[in-house]
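In the two assemblies presented below, chain A is common to both, partnered first by chain B and then by chain C.
Moving on, here comes the complex of A and B:
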């Protein structure tokens, strides 16, 4: 099964089809090579990751606009010259270390590589493909459970909100908040389980049997193998050079 | 791991409840508190709620692997939820569910103390989570940053470095106690829900 989610990338990449395994290889390969790459070599890994993301899943580049990722990276960049290495520079009365500054830069770039690769994997692989992948790893029935959970999620969220409002309007959170919270949880869980019984009846009426699950239909493509081989070669090169 | 249709539906429901809690309360708390405070407060609150939901689920699906499956469902729902791709919470959910499973395996029997052990183990992950995630993301250099911060913080507050280490141990202990408490609550809650459904 191939994965095409980014319509803008389709015309350029029609000949290269990665399966879920391809995206998994990409994520794991990027993480391993980013960890193995010392100092400036991490720039090459980042460029490769950006190129892959740009060509095959440009939506993943939205991560760079996410403030949360910068909230982790900027403090590391700012603190490293202050706390890593021997101070050899003074700016505005601050004793800074050049070695610490560069250590911070390499750490930040490595973090960006891994976060970007994770973003590509998470955006390229759909829930059903993820379920198939996990079913292939002996988690039988997970696809069915995930389907039920996805359908139940909006109902559960609505039940949570309705129950919360009902309890709040009756003054439930004015005193004995922990007891009220417990009551809320019991209400949500009991209500959901009652609905669950209907789903069980419906599934059994259709003679659904998790033991007869078809398993994974995802197969490794040539592009996946080429990608895995490229990452393997890169990892070996980083270890040797 | 072989589950019946009923088991799978219950796993789906508890996974969806955990996912819903993560998607609503989790996202809300992550917005209110800055990222660096996450480990100490938001992470602990979310992990405790997750432990309660997953262990109540174990009451209804008393099979090995059920808690892990609940965790997998919750993690995938978290992945597809609004608020973008968040690798950290996904890893935390999976690790916590695995540790709960380990705790239940060690306890062997379906007892309250088994739940307490499972909860404590799961919350212990919450302490190491940020250090491990930071190691994977930034490399071992990040430990130098943390060590430097602890040293500078101790000298700034004019306290001995050993007190700073004591605070770190104390933070771990808080998590173990909170996890144990979550397991204890889950045991009671499971019985209450059971009774209510039997009515």
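Moving on, here comes the complex of A and C:
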């Protein structure tokens, strides 16, 4: 039996309390300011993002150790001097562009800002909070669908694995691989749809009505408003200065 | 509490699921409903909370009233506050990411205040004895815990009738006992009326006041379990199994030792030596040493999460040992993977890929270039699928689907056949027929490894029993320690049956 150690499931007490809205403002605000910030100003946005992540969700900084993010950044830095701008420099026989190099750097930093903000949002907001947020936005049933999808993912993954192993043991991939893949896909989809019927029955048996929004108990805090105001001011400053 | 008069339910295609059924259940009764697969048990459960006729394509005639409310005249949401329905598969009835959120789902749908939601959640957690799970993520729970959370979630609706549709079919003995003890406590301590559908009767019958047996949409037997079990001949004809008075964990342990002694000196089909295996860094099997011999019927038992399925995947070559050796008989080693080991997974629908039974069975042999019409006909005959050869496997009953999946594996004539929990959704009659057929296969030198929680099945068919506990093999059956209410009542039931 595994013990749930994800901090999302635990109650949090903090002096500056952001709600789901606060983290949503942070994510959207970072994305907008990172796009608006020209050249070196993107460094300031990145520093701000790192500071926020370090103070409020240091776990989000684990992203910097993720190989996938570097698998995007490193090629961007390496390729941009080769493909962007007029070549004005030659190193080891390669014709490079200084403008292309800096464009690559700013592009990589912007991507890092947005990825970090997304990481903070994903770690700070649980699926159910996200679902409640959607319900709060009067998106009827979408929050419920999100919760179901999250709970169903492991089951669907297991079905896919079982079906793949079953078809492999019966020599499915020895010939006609495309046909085998089609058969596999149909089996997985049919199984998921069948489960979908069971889910609907179980939800209805607990008085769920997709036409009626559950509403949301999440309310905007002072910290959320302050954060939204700060991002608003920053965005205006970046546009005007 | 339940008042059913002349209830008839027909599905599309005029298939009659319930046929003029009448039943009365008093408040506070613990009723056990059983019968062969497809006899209408689940349909009846769905009628009790109004899913039929309101949320189903079935047509219903007759009258169903629960807690004085006619189900046809009230919506499913209205009935939800009177009838709680717990389904077979916990994974399709949990919607929250944590247990606390799961419990709040129903009351929030009723539009209750946050205080009332919290109060009801606290009550449900206490009544089911799972307060310690409150903050846990639903995906991190064991199957038994998930099912208890599903019961607690239904209890937050404050129903007076709790209907459970095969709640223990995916659970090990420990999980089943925990769920049934919880249900029994709800009946005794909180006066809830319990209506439980089960195939595995030994545990549930020990707790029930009344047992109802159905067949072809009608009630055949109705009375105290002791009286119903006396109708052995009729139950046997229906494929309903009577609890075996001789079944006891001690007998299983003895059985295991005897079986192993008989096999000493024979060349093994496959041998595992000091094997460790798992997924990524998570080690599931440790220090595993055992062998399977040609033509033997071995059972592998153990709790949920003990590593039984990992063992099956390891033997089937779908998972590699991280340490130790898996050595096959030289001759068998040469044949391709799928012909060396056939693995029947738990859910037949996950392993059916073709549009007809015939295509499904010939799929494997065609891929391996060993298709023969003669063999196909013979296999269809012995598995009782000849009449269904042109039918779509998806249109068959669960029992028939399981037989198609089995036949499609047997068509490859594997040296070792592994059955991973073949009991799901199967009544004792169809299960026995399949097992009897498999027993005959042993005559051709095929070895069978049966993975199951069903001790009665093991007792009846296995020559040797292996027990997995926390990834390690043991030959000693565990003892549960103190006797629970269920144990005591089961012993009493067995005494009556023996006499």
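As a working rule, the second predicted complex is superposed on the first by the 193 of 241 C-alpha atoms of A that agree within 3 Å, B and C clash if a C-alpha of one lies under 4 Å from a C-alpha of the other, contacts with A are read in each partner's own complex, and residues count from 1 in each chain.
As a convention for this text, a contact is a pair of C-beta atoms (placed from the backbone, for glycine too) under 8 Å apart; a residue touches a chain by one contact, two chains touch by 3 or more.
Computed from a predicted structure; not experimentally measured.
Chemist: Based on the superposed arrangement, let me know which partner A:194 touches: chain B (first), chain C (second), both, or neither?
Modeler: Once the two structures are laid over each other on A, A:194 reaches both partners.
Chemist: Contact-wise, after the overlay, does A:186 reach chain B, chain C, both or neither (first, second, both, neither)?
Modeler: both
Chemist: Just to be sure I read the superposition right, which of the two partners does A:107 touch: chain B = first, chain C = second, or both, or neither?
Modeler: In the superposed model, A:107 contacts chain B only, not chain C.
Chemist: Which partner does A:205 reach: the first (chain B), the second (chain C), both, or neither?
Modeler: Only chain C; A:205 stays clear of chain B.
Chemist: For A:148, decide between first (touching chain B), second (touching chain C), both and neither.
Modeler: both
Chemist: Once the structures are superposed on A, label A:162 by its partner contacts, choosing first (chain B), second (chain C), both or neither.
Modeler: second
Chemist: Quick one: classify A:170 as touching chain B (first), chain C (second), both or neither.
Modeler: So A:170 only meets chain C here.
Chemist: When the two structures are overlaid on chain A, which partner does A:134 contact: first (chain B), second (chain C), both, or neither?
Modeler: First partner only, chain B.
Chemist: Output the chain A positions appearing in both contact lists, the one against chain B and the one against chain C.
Modeler: 127, 144, 147-148, 150, 152, 186, 190, 194-195, 199-200, 203-204, 208-209
Chemist: Which of the residues in chain A end up touching chain B in this complex?
Modeler: Interface residues on the chain A side: 31, 35, 62-63, 66, 68, 71-72, 75-76, 79-80, 82-84, 103-104, 106-108, 110-111, 114-115, 118-119, 122-123, 127, 130-131, 134, 138-142, 144-150, 152-153, 156-157, 160, 182, 185-186, 188-190, 192-196, 199-200, 203-204, 208-211.
Chemist: Residue numbers of chain A touching chain C in their complex, please.
Modeler: For chain A paired with chain C, touching residues are 1-4, 6, 8-11, 126-128, 144, 147-148, 150-152, 154-155, 159, 162-163, 165-172, 174-175, 183-184, 186-187, 190-191, 194-195, 198-209, 214, 217.
Chemist: Could you please specify the touching residues of chain C with respect to chain A in the complex?
Modeler: Going by the criterion above, the answer is residues 46, 49, 51, 55, 76-77, 80-81, 84-85, 87, 89, 91-98, 101, 105-106, 108-110, 114, 135-140, 142, 145, 153-154, 157, 305, 313, 316, 318, 336-338, 341-343, 345, 347, 349-354, 363-364, 367-368, 394, 408-409, 412.
Chemist: Within the complex, which stretch of chain B touches chain A?
Modeler: 1-6, 8-17, 19-20, 23-24, 34-36, 52-53, 56, 60, 69, 72-73, 76-77, 79-80, 84-87, 136-139, 141-142, 144-145, 147-149, 151-152, 185, 189, 192-193, 196-197
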